[in-house]
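In the two assemblies presented below, chain A is common to both, partnered first by chain B and then by chain C.
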Partner chain A sequence: MSNNRDLLPRESLLWIFAAQFVALLPQLAQLPLWIAFAWAFAVYWRLEVFRGRRDLPGRPLKFLVILLTVAGLALSYQRWFALEPMVALLALSFTLKNLELVSRRDAFVSLLLAYFVAATLFVREQSIPYALYGLISVLVITAALAAQLGSFSARPRRALGLSVRLLAQATPLMLLLFVVMPRLGPLWNVPQDTSAGRTGVSDSMAPGDFTRLSKSAEPALRIAFDGPIPPPEQRYWRGLVYSEFDGRTWRQGFGVDPRNGGQVYWKSGERPLPQVGPRYRYRVIQEASRSPWLFALARPASDSAGVGETLDDRLVKRTPLYSRFAYDVRSWPRDPQAVPIPLSSAERRRNLQLPADGNERTRAWVERLRRKGLGAEAISSQLLARYHREFTYTLSPPALGRDSVDAFLFDSQKGFCEHFAGSYVFTMRAAGVPARVVAGYQGGEWVSGEKYLLVREYDAHAWAEIWLDGRGWQRVDPTAAVSPERVRNGLESAAGEEFMRDSLLPVHRIDALVKLRLQWDMINYRWYQTVVSFDSEKQRDTLQRLLGDISPLRMALFFAAPVAVVLLAMLLWTRLGSRGRRRPAVERLYGVFCRRMARAGIARRAGEAPRDYAERISAAKPHLAEFAERVTQTFERAAYGGEASALKELRYLLRWRLLLLPRVPINKNKLAGQ
Partner chain B sequence: MKVTRESAQQAQPKTLRHFFRRLGERWLSRRAPRARAITLNHSRLFILPTRAGLGYLLVVAVLWLLATNYENNLVFALTFLLISVFVILPVHTFANLSGLRLQLLSTEPAFAGDFAEAKINLSREDKREREWIQVHWPTEEGAYVDLCEERSADFRVALPVLERGRVQAPRLRVESRFPLGLFRCWSRIDLDVEFLVYPRPLAGGPLPLGEALVEGESGPVRRGGDDYASLKPYQPGDSLRHLAWKQYAAGRDLYSKEYESRTDTRLWLDWALLDGRDVETRLSNLCHWALQAEKQGIAYGLRVPGTTLPPSLGMEHQQRVLGALALFPKWDG
Partner chain C sequence: MAPVVESWRALTPGLIRGLRKMSSNGFTVQKIVSAIVSDIGSVLLGKERQVKLALACLLSKGHLLIEDLPGMGKTTLAHALAQVLGLSYKRVQFTSDMLPADILGVSIFERESGQFHFHEGPVFSQVLLADEINRSSPKTQSALLEAMEERQVSVDGETRPLPQPFFVIATQNPLQQSGTFALPESQLDRFLMRISLGYPTREAERALFLGADPRLQLAKLKPRIDLSTLKKMQSLVGQVKASDSLLDYLERLVLHTRQSSDCALGLSPRGALALLRAAKAWALIHHRGHVLPEDIQAVLPSVAGHRLQSDGGSGDQLVERLMRQVDIIAA
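What follows is the complex of A and B.
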C-alpha cells in the first residue's frame, strides 16, 4: 500500500489545481460550459475530501459520473473525429482524475495530462500571445511538478523559481533541437480545429455582407513580393466568382463552385501558362478563414502543395483553411493572349443567367439603351457615367425592397461595393453581355518596415467582369466610377467619417495607435515567418547558412561540438566539484604525513585522534617514533594553537622527511623484525 | 549469523541470483568502502529515470506526434523544451546529492523485534541548497532531510532488528528525486553502522525475589551459618551475632565474621532459575526481569554462564546487564 509520504499534502493538491486551471483557462471559451462546472465541482469535492468532510466517490458513483460525462460529450459534439471533442475529452479526463487524486502517481498523471492540454492550445492558434500564454502554463505545470516533492519545494516562490531556472537552462538546447530536428510531415490525417478563424469573404453575396466586413480591421492577407509591386489601383485580390443570381443573393452556382462541378487543375502545368507579359511573384499568408478560397491577382499559378487553379482564374485550396496558410503565386494580370478562347455556350448561358422576372425598371432601361443600338462597351460606360453623376458611396446604405436592383438604381442610389457590382452585372446581363461578380480584397497597406502588403478585412471588395468578344474577360470596377479614392487609397479615405464608426476604439483616428498597430502586425509577421512557418525547406536554408554546406561530416560536427562541450563541462564539474572546499594547509600537511605512514604500514583509522595515532606508530615502529611524535606535536600546535611558525615547521619537517623516508628501508626493517 | 540464515533460505534455485547479488555487493564494497564518514561523489552516485520520468517521455513522444501531424511549430518547440528539460534534469538531481557528507554519530541499542536507530549527520560544505534527501534502509521509510538554510542536520534512521547480538546494518540508501521527481539519484553507502541488540523481553513469571539462595560457584554446598571465611573490621550496624568474640577476647580489635554461605537476600537474575527453557527464551526472560527490577527500583544482579554482575541499580548497570545478555554466545546447531 502507499505509505504516508505518498499521500498528497495540501500544497501539492493546490499546485495541481493551479496547473489544471492554467491549462484549461484558454480552452474554456471553446469548450462547453458544463465542462468548466464539472471541473470546478471536482476540485471542490477533492478539497472537501481533504478537509475530511467527504469521502472520495465510490466505484458505483465514479461509474455514474463517467457515464454522465460520456453522455455529455456525445450531446455536445456530434462528431468525434475532430479536435474540440478530443480536447474536451482530455479536459474531462483530468477533471475525473481529480476525484481519485490520492497518491503521488495520480498527481504525476494529472500533471502530464496538463502538459498535453496546454499543447493543444497551440493547435488552435500560433500567435505570439498564445505562445506566451503557453510558456506561462508550462512554467506553472513544471512548478507544480517540482512542488510535488513537498515541504520546501512547495513554496510558491521556490517552485516557480526552480521552474524558471530549469526552463531557462533548457532553452539553448531547445533552440538547437528546433533548428536541427527533422520535420517529417504529417504521418496520418488528423482532425483540424474547425472553430478557428473568421469567415472573411463568403461564398455568397447578399446586400449588407460586405458592409459587415468593412467593420473589421482584422488582418486577412499578408503579401510579400519578390520583384515588382503592383500599383494600388491594380491590387485586386480575386477570391470568388459569383455567377448565379436569384433576385437578391449572388452565388457561385453550378460549374463555378469547385464543390459543385467547377473544374480545378490541381497539378501545376496542367494548364498552359502565359509565356510573356508582366508577371508578379509573391507569397500570400492568409489567415484562417474556414473556407477553401485563396486570394491572388488575376491569372494566377501556384506550385504550393494543395493549391489548385480554377477555370475562372482563381486559386482554391483542397481543404478549408483552419490555420494560417502560406502559398507562393505567380500572376499575369494582363494576359496578352491575342485571341482568347471563345466562351463555350454553357459558360455564356451561365454568365447571362437572370431570374425570370423582377427588377422590371432596370430591364426596361436597358431595353431602351439597346434599342438605341448601343454595344456592350457603350452600355457599360453609360451605366458607369450614371453612377458617377448620381450615386453616393456609403458604408450605411438604406435597406432595399424586393426588387433590390431597381430600388438601388432608381430610388436610393446610395450603396456599397456589393450594390454597385451587383447592379452592374445585372444590367450588363440584361443587355446580353456575359458578366460576373468577382469578390475578394482590393488594396492593402504597405508595411515598409518588413516590406509586405497588409490586407485587412475591411479591404473586402466586390467588382465585376464582363466578356468582350475578341478581348475576353475585362475587369470593370463600378465602385471606382463613384468613388475613385476607394480603389486608389482604400476604404478609409473613401468612407471618411463613416469608416469604422461603430468600433469601440477608433484606432485609425489616433496616429500613435495606428503606428503601434502596424508595429504589432510587423512583429506578428516576423513571428510567422521565422517561427510558425519554419518548415523543412527553411530548415535546410538555415542550416546551409549556418554550416555553409550540409554534408554528413559538418552535420555530425554541428551535433557533436555542443555535446562535447557540455560533457567536458560536466566532467570538469564532477572532478572539481566533488572535491569540495579546499582544506586548510595544516590538514593537508597532516594528510601527507598520514599517507606516508600508511605506506610504512600503519594506516590511520577513521576518526583516530592524532595523539593516539602517534602512540600506535611508536608502538609498532619504534624507529619512526621520534618523527611521528614531532610531527604530531607540531601539527597540534599549528592546528589548535594557531601558531604560524608551527605550520612552517611542519612543512619543513615533512618536506625534509618525505625525501628521507623511502619505502625500501622500511620494508627491510619489517622483514628484519620478523 | 545473518548470512548463514540467508544462505539457508536461498536454496539451489536462487543460487544464480545470489551469486549476482554478491558480485554486486563486492563491486560496491570496492567502489564505496565502509567508513564512518562518507562524502558522496560521482563514483558513488547512480542515476536513472523514475517511472514518472518514463511517463514524461511518453507524453513527449505523443506531443511530438501531435506536432508532426499538425505541422505545428509551437508544439514542436514545446516538445523540444520538454526534452531539453529532461536532459538537464539529471544534472540537477545529481548536484542535489553530490558533495554531501554523511557521518555516523552514534547508534543506540535496541531490543530485538524493535527498531534500532542510528543517529547520522548530513552536512554540506558548498553553497548549493539541498532538498528532499531520503536516507533509509530499503523497505523502511527512513528520514527526509532538507539542507536549505542550514549547512548540517542530524537525524535518526531506524532499522528493524530481529535478532539479539551485534548486528551489522546493511548498506544505507541515500536517495533524492529533486527537482521534478523524474529522475532518481541514489547511493548505497556503508557507514559501518553496528547495533547492539538486546534480547526481546519476554515475561517469564514474577521477579525471583528471595529465590536465589544458591551460591553460584559451590552449588549445593551448605555448611550452615557458622562457617565464616574471613574477618573484617567491625563497623557499626554489623550484626552482633557475627562479632568475633573469640578474637576480641584474645585482645585484638573488634571484628565481624564474614560468612561465605550466608543467606543472600539480594535479587539475583540467575540463568539457573530458568532451567528447562531454551537459550533464547531464557535470555528473553532475564531481559524482562532486568527491566522489571529496574522499573521497581530493586537492585539486581545477573548470573549467566561466563558472566556475573553483582547487584546494582541505574542506567549504566542496566546497560551492562542487557549488553551481557545481548552478547551471550549464540547457540548454533
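What follows is the complex of A and C.
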C-alpha cells in the first residue's frame, strides 16, 4: 500500500459506484429497503473519505457495522438457507466493501464481485428486458474496470469506449461458447422463498379466486403443436383437481399432491399408455408459477425430465417452477379407455364427499329429482338446462352467504365458472354421482405468426368431471351451458363490458396495442425457444445439424477450427504488418546461434551484449567456448564492422559448423588432439 | 579485454589515415589512452572506468558533471585530466553569492588608456573546473551553462570566443545537502555525461594510505599529448563507424524511453545524439573502428542517467532496467 502505484486512481471511484449501482439496482427491488440505505451510507462515507473529511472506518466500527447488518438480515428473513437471504448477504458484503476501498486490488475485488451480483439477476428472470439490462451492467462494470488503469482512463468516453471494444471482441467467443459449452444440469437447487405470492391457479378454490385471475393479461402458457390442433371447445388445460369440499372452499384433499403422499409416475412408460397413438403432441412453455402444477389436455403423458403423471390424469413437476419451463406432452383426450378401470372404493368415497350439513335446499332439490327415478346423466342434464334457462354469466357476482351453493342456485343465479363448477359438482355428489372440480386454463389465443397458442392468466377456468360407470371420467363444463361463447371465444367475448373493467387503461380495446402486445409475445416466445431453453438436448440437435454426426473428432474440429482461423489471421496480420522492417540477415543468423545455445542450456538474456554472452557460455560450457567465441567475433564484424565477408563466414558457421557441434562435453584431451 | 581490431578493412579510410599519421609520430591511440589512464590512475586509485568515461566525454567534445559527496576525488580527477592533457586549467569554487561577472569576466575602465578593458574571467581556459556548481544561484549557473553550449561569451555587446578545446568539468554535491540549488533538466541536458566516483575499494584505499600525498603526485604529472593530437583524436571520434544494426539498437533504446510507462520523460534527440557520440568515443578509446552494443551499454548510465526521469526510483535504476529490457538484436 506504500507504493503509489497500488493506490486507487482517484477519478475511478465514481466508476466503481456506478458499476455497483447498476449491479444492485434490480436486486434492490426485491431486497429489503434498508439494504439500499446501507449502500447509500457506505458510498457517502467513502465519498467523505475521498474529500478528506473523514477517515476510513476503524476495526471496531467495521465490526459493529457487520453485527448490525447480520442482525438486520436475521430480522428480515426467517429462513436462512434460501435464495433471497443469500442474495441479500452478497449484496450487503458487496456494499460494505466500499468501507475498505483503498487499493487498486480492492477495486478489482469489488468489480469482480459486481459481475457476480449482476449475474444473480438471471436466477429470477431470463426475459429479454433483463438480458438487455444484464448487457448494460456488464458494459458499465467493464468500463469501471477499464477506469482503474490510470492515466485518464476514467474519462467516460475512454472507459466506455474501451469497454465496448472489449465486449465486441468477446462476443464471437461468447456465441461460440453458447453453442458448444456443455450444458450441465444444476448441481443443486437453491431453495427459493415461496412466501411471495404470484398470480395463477392455486391449490384451492374459494368464491372470488378466479375474479382475481380474470384481471390479469399476463401470459401463462405458450403451446406449440406438432400435428393437429384441438378445436377451441376442446382446449381444456387441466392443472388441478379439487375433490374435497368444506362448504365453502374446494381443495385437492389429502393424498393427491405428491408433496403429501400422492402417487406420481415419474418415469415414462411406468403407467400403461393407450394402445392407439396420441391424438395431440405438443410442447408447453409455462411461465414461472412458483408451484409444481403443469397444464395439459386430458390423459397426458410426458417424457420430459422431472415431469410426472398423477393418478387423476394431471402432470406435475418435481420442483416448483421458479422460472419458465418447457415440457413435451402427448395426450389422448377423447379416446375412452377400452376397459375403464372401475373406480376404487376409496376414490369413490373421496369424490362423493360432502359436508355433513349445509346447503339443505340443494340437497332437497336433488332428493326430489332422485325420487323421480332419474339417473346420473338425466340429473346432470336437468341441472345444465336450469343453468341455461335461468342463470347469467357475470364477472361481478353478488356476495353469497354461508350456504353458498344454495344462495347461488336459488337466489342470485349470477356467477362465473367457479360458481357453476362448484355448484354442479355439489349437486352431482348429492345425487350420488362421483364428481370433481377441475381447474386450469381454457381456450387460448392462436398466434399465427409463430404458430403457437397463447394462454393468458384470464383464461383461467374451472369445470367439472363426473364418473359414469362404464365410461369413466367425463368432462362437463357447466359454464358452457350458460355462456357457450366463454368456451368458444374466450372470456373477452363472454364477459363483454365487464372484461378487464378494473384495468387502468382499456388497452384491450385498442386494436393496434393488442396487435403490438401479440407481436411482443411472439418475440418473447422466439427468445425463449432459441436462447433460454437452449439445453443439452437442443445443443445436441444444433450440433448435429451443424456437424451431421457428433463424434469427439468432429467436436474437436468444430472447437479448434475457428480458434485456429482467428490465430492464423492474427499471425498473418502481424507478419504482414512488420514486413516493412524485416530483421537483417546478420541478426537472424545470430538468432539461430542464440537458440542453439539456449537448447544447450544457456539462453541469452534480453539486453545481454554478444561479448558478455560469449564469456558466459565459455564459463558455463567450455566445450562450446571456441565456437561461441568465433561466432561472436564474426557477428560483431558483420553486424557492427560492416564486413561483407564476415557475413558469409557467419552464414557458413551457422549453417554447417553448427551441425558439428558436440552435443555433450568432449574430453579436453581429445579436443586438444584435434 | 577489448578485442584488437583484426583487420584494417573494418575502418573507414579517414580513420585509417588518422591512425597511421599518429603512429608515424610515435603515437597510437592505444598508447596514448593507456598512458593517460595509468597516469591519472596513479593519482586517483582504482577508478579506471570513471577516468576512461571522462576521457571519452572530453574526446566527444562534451562537458562532464561529477556528482558525489565531498572528498571523493572529484577535483583531483579534473585537475589530473587537465594536467595530463596539457591544457590550461582554471578552477572556480561556486558560492551562493557569486555573480555571472565573476565567471565570465568584466570590463574595467583604465585611466591610463582612457578606455574600458576587458578582464577575462576564469571561463577563458581550456579546462574549467566548476566546483560545487549547485551552490551558486541559478543566475550564475545559467551564465556558465550558456557559455558551455555556445562556446563563446557575450559581454558588453561584444562576443568573444572561448579557447579551443573548451571542456567544463562541473562537480555537484548530492541535492539532499543543504544550501544547494538543483540544476534544472534543461541545464542538466547540457552535460554529456554525469558520473559519480563512489568510495574506493579496500585495496585502493590501502594503497592511498601507503602512497605519497596525492597532491604532490598531481604536481608531478606531465602532459602526455599535445593540442594538435587531442584535436586529431576528437575528429577521429566522428569517423568511428556505427552500423545499421547498431543504429537499430540505439533507436530501440531511445524509443523505449519514450514509450515505456516507466519513464516520465523520454530521451531527447540531443540525448540520443550524445549517446551515439559518447559510444563512438568509447569505441575509439578501446581502439575499435566501429561501435559495439557494449560501447553503448558502457556509456548509457552516464549519458542517460541524468536525462531520464521516472515516476519511482532514480534515473540510474531506470537505465539498468532499460538495458535489461531492450534487446540488442531485433525481435
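The rule is short, and it goes like this: the second predicted complex is superposed on the first by the 552 of 674 C-alpha atoms of A that agree within 3 Å, B and C clash if a C-alpha of one lies under 4 Å from a C-alpha of the other, contacts with A are read in each partner's own complex, and residues count from 1 in each chain.
The rule we apply is simple: a contact is a pair of C-beta atoms (placed from the backbone, for glycine too) under 8 Å apart; a residue touches a chain by one contact, two chains touch by 3 or more.
Computed from a prediction, not measured in an experiment: that's the story for all the values here.
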Applying the document's definition of touch, where does A:Arg248 land relative to chain B and chain C: first, second, both, or neither?
neither
Applying the touch criterion given at the start, work out whether A:Gly134 contacts chain B, chain C, both or neither, answering first, second, both or neither.
first
Taking the superposition as given, does A:Arg611 touch the first partner, chain B, the second, chain C, both, or neither?
second
Thinking of the overlay built on chain A, is A:Met174 touched by chain B (first), by chain C (second), by both, or by neither?
first
Check whether chain B or chain C contacts more residues of chain A in the superposed model.
B
If you stack the two complexes on chain A, which partner ends up touching A:Val586: first (chain B), second (chain C), both, or neither?
second
Which partner does A:Arg637 contact after superposing on A: first (chain B), second (chain C), both, neither?
second
Chain B versus chain C as contact partner of A:His388, first or second or both or neither
neither
Which residues of chain A are in contact with chain B in one complex and with chain C in the other?
3-5, 581, 606-607
For a test of understanding, state which residues of chain B touch chain A in their complex under the given definition.
35-37, 39, 41-42, 51-52, 55-56, 58-59, 62-63, 65-66, 68-85, 87-89, 91-92, 95, 98-99, 125-126, 131-132, 141, 144, 146, 148, 177-182, 192
Touch list for chain A against partner chain C, complex:
3-5, 581, 583-584, 586-587, 590-591, 594, 605-612, 633, 636-637, 639-643
Taking the complex as given, what residues does chain C use to touch chain A?
3, 6-7, 9-10, 241-246, 248, 289-294, 297, 311-312, 323-330
In the complex, chain A residues that touch chain B
3-5, 104-105, 108-109, 112, 115-116, 118-120, 122-123, 126, 130-131, 134, 138, 142, 145-146, 148-153, 162, 166-167, 169-174, 177-178, 181, 183-188, 190, 531-535, 570, 574, 577-578, 580-581, 606-607
